[in-house]
Structures are given as structure tokens and as C-alpha cells.
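Got a structure for you, written out below as C-alpha cells; questions coming shortly.
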């Protein structure tokens, strides 16, 4: 162990139910470094950091801080040891002000236990000056932009003066200028002698700011590298470990004479502005962009889940008017939503009930549901999508993520869709399930279903999509054909430079 | 700090308080209309009456507000008032010079204990606050009715006269001011208040910030119970007897007052400055109905409608 | 893991209503010991009669709770309808048709307003229905000028009170049985029923699955209003007159029955079958308590405790903000 | 609100009538109208005109509603005579705190006389003291004020003795059963003072007749439905052994009659109260062997209280308790009191005319 090692973790394992999230991972970081944890979706990066921050506890393994073994029962305990984390989930109270959020639970008090507002203002002003951050202290957090909220989170961490600062995908929602700003702050932190751990998917970022990179793959450690010893190719190989093309099926023939689906001048509130595109027969169209630039709203808008939508939708050349989700489904628009647990599934109910849910009216004899038809439909879907379950009567909450996602897809297939919208279709599912999913998508396109995929995983976008539409601030900032796609080209559009 | 940020600061503070400002505007209109409808309305005696009758609902609405700030709801406050009223009168020794001391202490303890029971069931058994407080409301109300099936009993005369401000010392006004200031400091200027709001706004955030959600909830429910018993003691001094059902209307009224006063059912938002205005609005409605000799039956219709309208308006505002 | 295992066991037991069945059996035995002649045919008929009142009101409560709501205005609908019925019927069969039309309108309108506030203004169901209840209470007082008067039509009284069916029970019980069968079938075997459960389980998923949520919520609250109104009519037939407190206990009673019957208070799990058992248990319990001369306060305490225990045993429901 | 409009019109009409009537006689203003005979010439009023009020705690039953109507009726008459210029009726829906604030509001309105029936006798003493300090005459009736020393500190007090009910019922029942038989009791509300007093009066009587055996009792809260349920349960337990029913409320008695009929049991003597529904049921079940006795406190006791207050305002000495005689319906005078054409809810001992009763209880 090096003298300047601040945190050392040995053989850390963690599983959730039957799913292994981390398997005997060793990890260490030094004083005064910026250390990136890299890896594919579901590689276990967040789990590792959450164990460090005390939000999760490891099943096995040891953790040493300054050479002393520690075990954190809560994030608060970790904070007391000088470790603080900015989570991907919002940890601000939306209705409170910036100032109140930053000083939550550590407010300076006068001798009557009343919060000393002068001291609060002074401390905050000092801190903002030190890190060159500009925010209105009295602004209510819910009125702030995502970047401003993130600044608030960072200030909330800084005011607690930790030694180790963990940032979980801090840049995924930021535009280019904001990323620069964040990096400036991170470098300042490093100058102040702090250790920064952060997760990023973007190779450019990793090379521009980190000192070291630790790569995880399939819940295991691949290795820890000095950034200066790496290049793009080496890093990708370490992260993916195989050629990208192997899990993606071959593209179909695309028939540009047949437009399966099209939107014209489509707007959703002020989130999506004047978007037009079409999907041809046999094609998978991707929608990319930074988090919060309208991708989800676009999909939900098409599926009529949002109000205040303007624009025209065409299916197979015919205009469709859908004001409610119900209309959209009847018109043949199906959506696999971003969060299968809260939006896609009824976790307590059985596989069969979930599969049947979106298309109940299709299997009725007069008044009553036709149970026989329901069962045979469920059986058919389980077979067609090779859903692994102990039977279609099992509650979906007992299925693995990949199989749950297949149930969501099966449910949507039940309505015999003409166009299928996927929002982050493979988030948190394993490689095998991913490749099965891609195969199903391809098969569906060859059957004439139009497919639109929103994904923040650029490798996925490049791998599966025939064309990608990049959104920036709700507008189309670029349409890239298969051969034009690269992480760089997509990112350029995503930050508005397309 | 630069000018832009200062402007944003001021803007935001204004925005945060619009609801309360509109409410006070409404209150002002009500006062003027009432004064025109009936000149007696603005007499010193009537204003005094208003303070006396608003005080119990004001105190218990503070309790409801604290619970609402946590994103919970307390439907047992009315029953706690009934139970404390009964206990207080039962233990009262009107014939002894200090015959109210034990009763006072036990009454406050009983109210706090009721709050503790709510908090315990909600935090330790992880049950939703709505269903717990509906159930405990029945239990507390049942206990009160069991101990005192029909109104009766006596209250220590001197104590009651003192509390009602009939001994030369304006106790009701002092109590109102003390409650107002204390609850303001507690909910808007203390760490406790911030923690309560944090629990109501985002439990994950509260947890990662090191706030013990269970402890805050338990404390808040105890505090709510304590305030309810304070309200009950004042009410009892006013009515000078026990009546197990006396608190029944307070559950709905406390909700109405809190919501009219700008407290959000979704948590985090609200303050005592709104609650005091809200309680005056509700009491003036009752008062003016009496003064202009209109059937008190309208009271229920109006109160229910006020509650629903206030909620509808605040939900529209949120959109 | 061990804890989790135990919970699953508890769930398994409760899920299949065994527990309720056992409790019911124990209560029957206890009642027979405490009240001689309890299981006599006339008395059973009598108990079913009283149970049918709560039973019919609890249909609406079951629906409201299944979709993740609650209806606290049931009490006040019953009281209002009781007063309106007696006052409109004034003891004359000829007035029955008009009265029934008005009564059903009351139920529908109340349900609509509740559902409107809940869906359109997003007011939490508990607060919306409490507020609505307060309004109805005022309307009842205004309508009756505080003193309810009038009486039920003889035909209504006959249908509710005369044990003419199979020699031991009344037409109201038959009506209840038919309704119960209908409700169970609708909940279990129709798309509507499936959608009710879907909404109660997860509103977002239901919406994403193209279920017309507002339509289902409106239907459930309207049905709740209508069944409460019907209960009010039946109660008028039972008492013959009107009283300002006629429905007072029904919101609570129906919630207790639903919860005891194994329906999750957070919605999405359970059904009317369990509620029926809950209703019968509750009626017998009330019967025993009254015979033992335990005043209403005792009943209230018992109900409160039953709710807490049942909610705890049945679900370890996740705390949910309404 | 229609009623308000009606009232305004009645008021207008009344004042027009008054002015024209006064013009014919004296053409004088109200202040120098001399003395006016009131309450059927029982005494004459020279002061005033007075502002009077009824502070009522509930109209939850028809007796109380009728009592309020009697008061309003009397006030309208007095108004026509120029003795009363304004009257207020407050109702606190059973809420003690609200009644206290009601009385405070009445003080604010500057009334001269308050007739009060209290949600809680002891609760209102303080605010009544305040009223008296302001020179207001306060007369309590029916549910009196209760002072710590048991004395009458308000201006005056009137009403019937509750024990009388119990005594009359018990004596009658003993007589019906010839001093020997098994009875059940239908009590009012647990712990309610009125009910306790009624039972105390009855217990005094039953003590002397060891042959009267009490099979069981239940609390029906003076409510028809609850009374019926209790009766059904007592019947389930004791069946045809029951020889008589001592009920302390007419509505509960009606419930018991119903329960007996539904079970097909032979009718037994049951005690009752003098409301029209009870009397109708009595008549209807006469041929099945039903008989009863129905004492009652007349509903014009509120007017009696007003009268006492007015006497006090005129300077007469009315201090103390004024017993109000209980009236009784028996088998002998039943046909004279029962009104088959009037609603059930109406209480037969009243000053109101049949038309007024019909109007009061129609809608």
C-alpha cells in the first residue's frame, strides 16, 4: 500500500437478490487525484461508489480509510469520515432554497439554537467565491436548471469539507460549457488536496481530467490504470473486452419508399420544439442527446402521455390523432418506458397479468375476459421472447431485470403495434439479454414495425440504429446516417455544435 | 453579490410568499365586508371574542402544519383534543387552590403520548400516516368517550379565569404571541424545521444528509400531540367542562386552516404566518354567520367548500 | 433473509383469506357462548340483515381502496340520503320511484365531484372526501333544518325488515348477495376489474399501458357514492325514520371491513370476497359488544386497534403519502 | 335562503301591520306606547322594546325543533305587540365551545334577555356570568346551568323534573303487571344525566316491588334504530319471558314495538313519550294488547323561560327555580291527543296550532 493511499478496498462483493453486482473487486485511491471509474452500463460502477459513500454496505470484503478498517452504516457516517457523494438521484429538497439545502443539517446556530442566517450567507458567499460559482442563495431549488441544481449539490458537499468526493455521472446532463465549468471546479478541489472519484462514459472527459482510471466489467475489476498510459483503443478494449459488433445483429434492408412512421413539426410544451423525422420500413431510428434535452418528452409526447403536444403524426402515411395514451395505443403506437419498475410493470402481479394488461380488450368474449386466450397469449409471448420464468403465474418482481424488460416488451407487443418506441431499452440488464433484445428489435423491423430508440448509451446507439437523430434543447441538432455515427459526431450534435 | 443575484433573490422570496399575501388580501376583504355587514363586528369586544375562539384552532393547526410539512397527515388531532379535555377535567380538583397543576401536567403528557403513539406506529411499524391516524383517532376518541360518555365535570375557577384573561392579565393574547413566535422559530428558523421540511420534500435527500427520518417524525408527532393538548387545555378552560366529542371538528378544521394558510399537502411548504391568517378566516366565517343571524348549518357547507377550493387553487397554482 | 422469509409466509396465509376464516369461526363460537340463541335461524337472518347495510356500503369502499384511494364521505352520503328519503317518501309507496331517482342522482353527483377533485385537481382522496363529507353534512342539516322528519314507505320497510325469504331472511339480504356476486365477478373476470387492480398497483404503469385512468377512477367513486346512497335508502327502510347521525359509523365500519377482509389499504390487492367476511366479522363483533353492554366507545377502540393490527399483519405496506 | 326572504316579507308585513294598528289606536311611537298585555294577559309590559335571544345547543331531534318554533312563534307575536324589537336564535350543533362563543356574540349584539338551554350546564356558567354583568337577564330551561354550589345564580330557571318521568313510568308498569313480572330496560345514553335521573326515579319505585325482575337492559341512546337493535338482542336472549318494557324514550319504544311485531311476539305494556308517532303506534297496536303511558315536558318551556326573563326585565322578582308540570297521555286521554293527520315527529303538548305544526314538519 502506498503512503499516499487514502482509501483501500479489498475483495468487495455485493449482490442484490440473485444478481451479482460486484465480485471481489479491489480498489484504491490516493490523496489528491481525480480517479474515474469506467465501465459499461451495469458493470457495477455505481454500486462500488455507493458502498464507499455508505449508502450500500458490502456483503464481503474490507475497506480501509487511512489504513484503518471502516464500515459505514449510513451516508452520514461516511460523511463524518470525510467521504461525500453526489448521487445521480436528486438529493435536494425541491421546495427549499439553495442556501437552505446547502446547509441542511449543519446550519450554524446561535446560542438559542436558531439558525444564524448571517453566518450562513457569509460562509456560502465565501465558498462560492473560492470555487467561482454563481447562484442565487434564496432561489428555490425546483426553479433551477439541472446544471444549477448540480452546482447546489456540489456546494452542499463542499460545505461539509470532505476529503473524498464522489460524483456519479456528473456530466451526463450537462452541456459542453457546463461541463467545462464543472471540470474547473473539480480541478480546484484537487488543488485543495481532495480526492475525486467520478463516473463517466465519455472517453474525452476521462482523458482530459483524470489521473487514473479503474475499469469494471461484468461486476469484476479489469484493472486500474494511469491515464497517461492509456489511449482510446486500450480503454475501450478494457471496458468492452470484445468487439462491439458481436452483440449487435446485422442491419436489415431498408426500404425508403415505405415510410412506416413520421412526425411533422412536433412540439411538446417547451421541452420539444418543432421536431420532424420519419422511420422507414426495416429501420431502427435512434434518438440521442444529453440527459434532459427532450428525448423522453418526445417519446412520451408521441405516445400521448404528455399534454400540450402540437404537430402531426403519421403511421403508414395516414395521419393519426391521439390525445390520450389510449388513442395512441389503438393507433398502434407502443412505448417501452424508461423505468420498467415504476412505469412498465405491476411488480406484484403475475407475468401473465402484466403481459395481458395493455391489450385486455383484445381477449374478451362479450363481457368477460377470456382466460384461456389470455393464458395462451402469455405462453406465446414467453416463448417468442424467451422470457425465463418458472411459469406465467409467477409475480414479475421475482424475474431478473432482463426478463422483466422482456415482459414489458411482450405487453406492448400484445397491442400489435405498428411503431415501437423504446426508452433506454437495455438499462441495467446483462449483455446476453441485451443481445437478445437487439435481435428481437431487428426481427420486428423486418416484420414492418417501425422502431425508435432513445438511449444515453452511445455504443448502443451506434450499434443498433440505422440513423440517429440528435436533440439539443428540444430541437433536432443533427441527423446522422449509420456511416456518419461516432461518439464524437453524436456528442458534437448533442452539445449543439452539429 | 452582484445585482442580478440580488434581484433573483428578491423575486424568489416574493414568489414563495404569494399564496400567503393573497390570503391576507382575502382576509382584509373579509374584515371590511364583515364590518360593513355588521358594525358590531369591529367592536373591541367582538375582536376579543374572535381571538378567544380562534386560539384553539390556531394552535392545533400549527400541529397539523408541522405534520403536513413532513408530507404526512394527522387525522387524530381532534380526538387527541377530546381525550386531553376529558383527562384534564377528570384530574382537576376545583376545590383546591392549586388543584389544576397535576391535571395540567398529566394532560400535556397524555397529548404528547398520543402523538408518540402515532409517531411510533408510523415509523417503527412502517405504516402510512393516513391509516394510522384514522385508526388512532378512533382509539383516542373511544377512550375519551369511555372515560366520559356525557359532558360534565368542573374546571378550576381561578385557573379558567386566568387562562381566559379574566384576571387582569391578557393571557390569551400572550399565549397566541408565544405560540406564533415559537412555532415560527421552530419551523422556519431552526434546524428542526429544516429537517422536517427535508423529510417532507425528499426522503432520500434527508437520509443521505444524515437526518434520522424516524427520529424527526417521532419528534414531530410528539410535538403535534403536545400542541393539540395545549389547544385542548385552552379550550377546556373556556368551556369549563369535559366533552369527549369536543375535538371532532378540529381535525377537518385544522386541515382547512393549514391548507388555506398555504401549507402544501405534498410537504415542505408552509409556515405559521399563513396558519394564523387561515385560522382567522375560518373563525370569521363562523362569527359573521352568527352576527348576521344566518343558520349555523351553512357553516359546514362553507367550511367544506373552503377546504376543497383552497386545495384546488393550490393545485392549479402548482401546475 | 430470515425476516423476509417470515413475511412471505404471513403474506401467503393472509393472501388466501385463511386468517379471516379462522377469525370468523372463532367469533361464531364465541358469540354462541356469549349470546345463547345466537346461531338460531332467526338471529342469523337478523345478523345478515344488519351486515347487508355495511356490506353494500363497503362495495364502494372496496372499489375506492382498490384503486388506491379511500372514501370518507360514505357516512355523510348515507345520512343525507336517509334524511332525504324519509322526507320525500313521507310514508307513501307512491313516492318511491321519484325518491329513488333523486337518491341515485345524489350518489352519482357526490361520486363525480369526489372523482373530479381527485383526478382533475389532484387533491388527495382522503382530504377530498373528508371535505366533501363536511359539505354534505351541512347540506343534510340545511335540508332538514336540523331536525330530520318523515318516514319510509311501507313497501321499503317491508323489503328491509320482513324475514319473508326462505323463512328467515329479508329481500335486502338477497339483494346484497346478488350485488356481491356481481361485484366479485366484475372485479375478477372483466377488463374493468383488471384495470381497477392495475391502477391500484401502479398508476403510472397503468397509464403507460393505455388504461383510461380517470374513467376508471370516476366509475369507482360514482359507484361508491351510489352504493352509499343505496345503503342510506335501506337504512331508512330499517329505521323507518331519519336521523342526523344515521350514517355516522359507516365510513369507519366500511374501512374496517375492507381492511379486515385483506384488501391492501394502499390499493391493488384484495377484493370484495374478503370484504364480505370482514363485514360479517364486524357485525358479529358489534353484536357481541352491544349484548355485553359495551358502549359505542368500546366499539370505536376495538375498530381502531383492529385496523392497526390488520394493516400491520397483512402487508407491511410501504408508507405512502396520500 | 327562501326562508330568509319569507322572513323579511313577514317582518315587513308585520311592521306595516303594526304601524297601521298603532296608528288607529294611538298614533304614538313605540317608546310611548304605554303598557302592553303579554302572554295572554298574564302580566303587562311597560319597558322595552326588548331584544331577546334563544341560545340553543341542538335541534337534533323534533322536540328541540318544536321548542325553537314555539319560541320564534311567541317572539313574532310579541313583536307584533311592539314588546320585542328583535330576536336571535343561535344553535351550536351540540358543540359546547360554540355555544359559549354564541353567547359572547349575543352579548356583542346587546340583547336584553337570553333564554338558554345548555349543552353543558357547568360549561356556560362563566359566560352567563359575563352576560349578567352586562345586565342581561338570563333564564335557563330544560338543560339548566349548573353552578358549583348547586344554587340558581342565573336570573331564573324553569323546567320539569326528570325523576318524575321515571317515577310515572315505573308506577304505571308495576300497576300493569300487578307488582309481579319480568321486564327489560331500554336506557338512554351511558352516563347521561337526564337518563340517570329518569332511572333514579324509577329505581325508587321498583325497589318496593321485589316481584319485578329485570331480565336485562341496553343503551339505545334514545334512538329509534339503536333501540330496535337492543330490543332485538334482548328478545333473542329472553324471548317470550318478557312481560313488560321500561323504556325511557318514545323512539326506543317504537323500535321495541317493531321488534316485537317482527318476531311475532305477543305485545306487552311498554312505557313511552308523548310524540305523535309513538301515540300512533300505540293506537295501531292497541288491539294486539299494547298499552302505554306517555308523560312529557311541553315544548313551550322555551316560551316559559322567555316569559320569566321578561318579568325580570320589568323588575319583578323571579329568582329561583320554577317547576314546570309534566303532562301525561294515558289510555283515557289518548284519543284526544293523537293526531292521525299530523306527522309522527310532532310532540302533542304544544302551543302551536295544527297548521303551524304541519308547516313546521312538512318540509
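When the chains are written out, they are named A, B, C and D in that same order, and each has its own residue count from 1.
The rule is simple: a residue touches a chain if its C-beta (ideal position, glycine included) is under 8 Å from a C-beta of that chain, and two chains touch if they have at least 3 such contacts.
Worth saying up front: this structure is predicted, and the values here are computed from it rather than measured.
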Chain pair with the greatest number of C-beta contact pairs: B-C
Most widely separated chain from chain B, with each centre as the mean of CA atoms: A
Chain centre separation (chain B, chain D; CA means) in Å: 37
Once you find the CA centre of chain A and the CA centre of chain C, what distance in Å lies between them? 45
Taking each chain's centre as the mean position of its Cα atoms, how many Å separate chain B from chain C? 31
Going through chain D residue by residue, note those that touch at least 2 other chains and give them in order. 91, 93, 190
Numbers and ranges of chain A residues touching at least 2 other chains: none
Could you say which residues in chain C touch two or more other chains, in rising order? 141, 145-146, 295-296
Chain pairs in touch? A-B, A-C, B-C, B-D, C-D
Over in the complex, which chain C residues touch chain B? Could you list them? 70, 117, 121-124, 126-128, 130-139, 141-142, 145-146, 252, 255, 259, 265-266, 295-305, 307-308, 311-312, 316-322
Give the list of chain C residues in touch with chain D in this complex. 35-38, 40, 42-43, 46, 50, 87, 90, 141, 145-147, 149-151, 161-163, 235, 238-241, 243-246, 287, 290-291, 293, 295-296
Spell out the part of chain B that touches chain A in their complex, as residue ranges. 1-2, 5, 8-10, 12-13, 15-16, 185, 189-191, 194-195, 197-198, 201-202, 204-211, 264, 267-269
Residue set of chain B touching chain C in the complex reads 71-73, 75, 121-122, 125-132, 134-146, 149, 244, 252, 255-256, 259, 265-267, 295, 297-305, 307-308, 311-312, 315-316
Residues of chain D defined as touching chain C within the complex: 58-62, 64-65, 91, 93, 190, 217-219, 221, 223-225, 228-230, 232-233, 236-237, 239, 251, 254, 258, 262-263, 277, 343-345, 361, 363
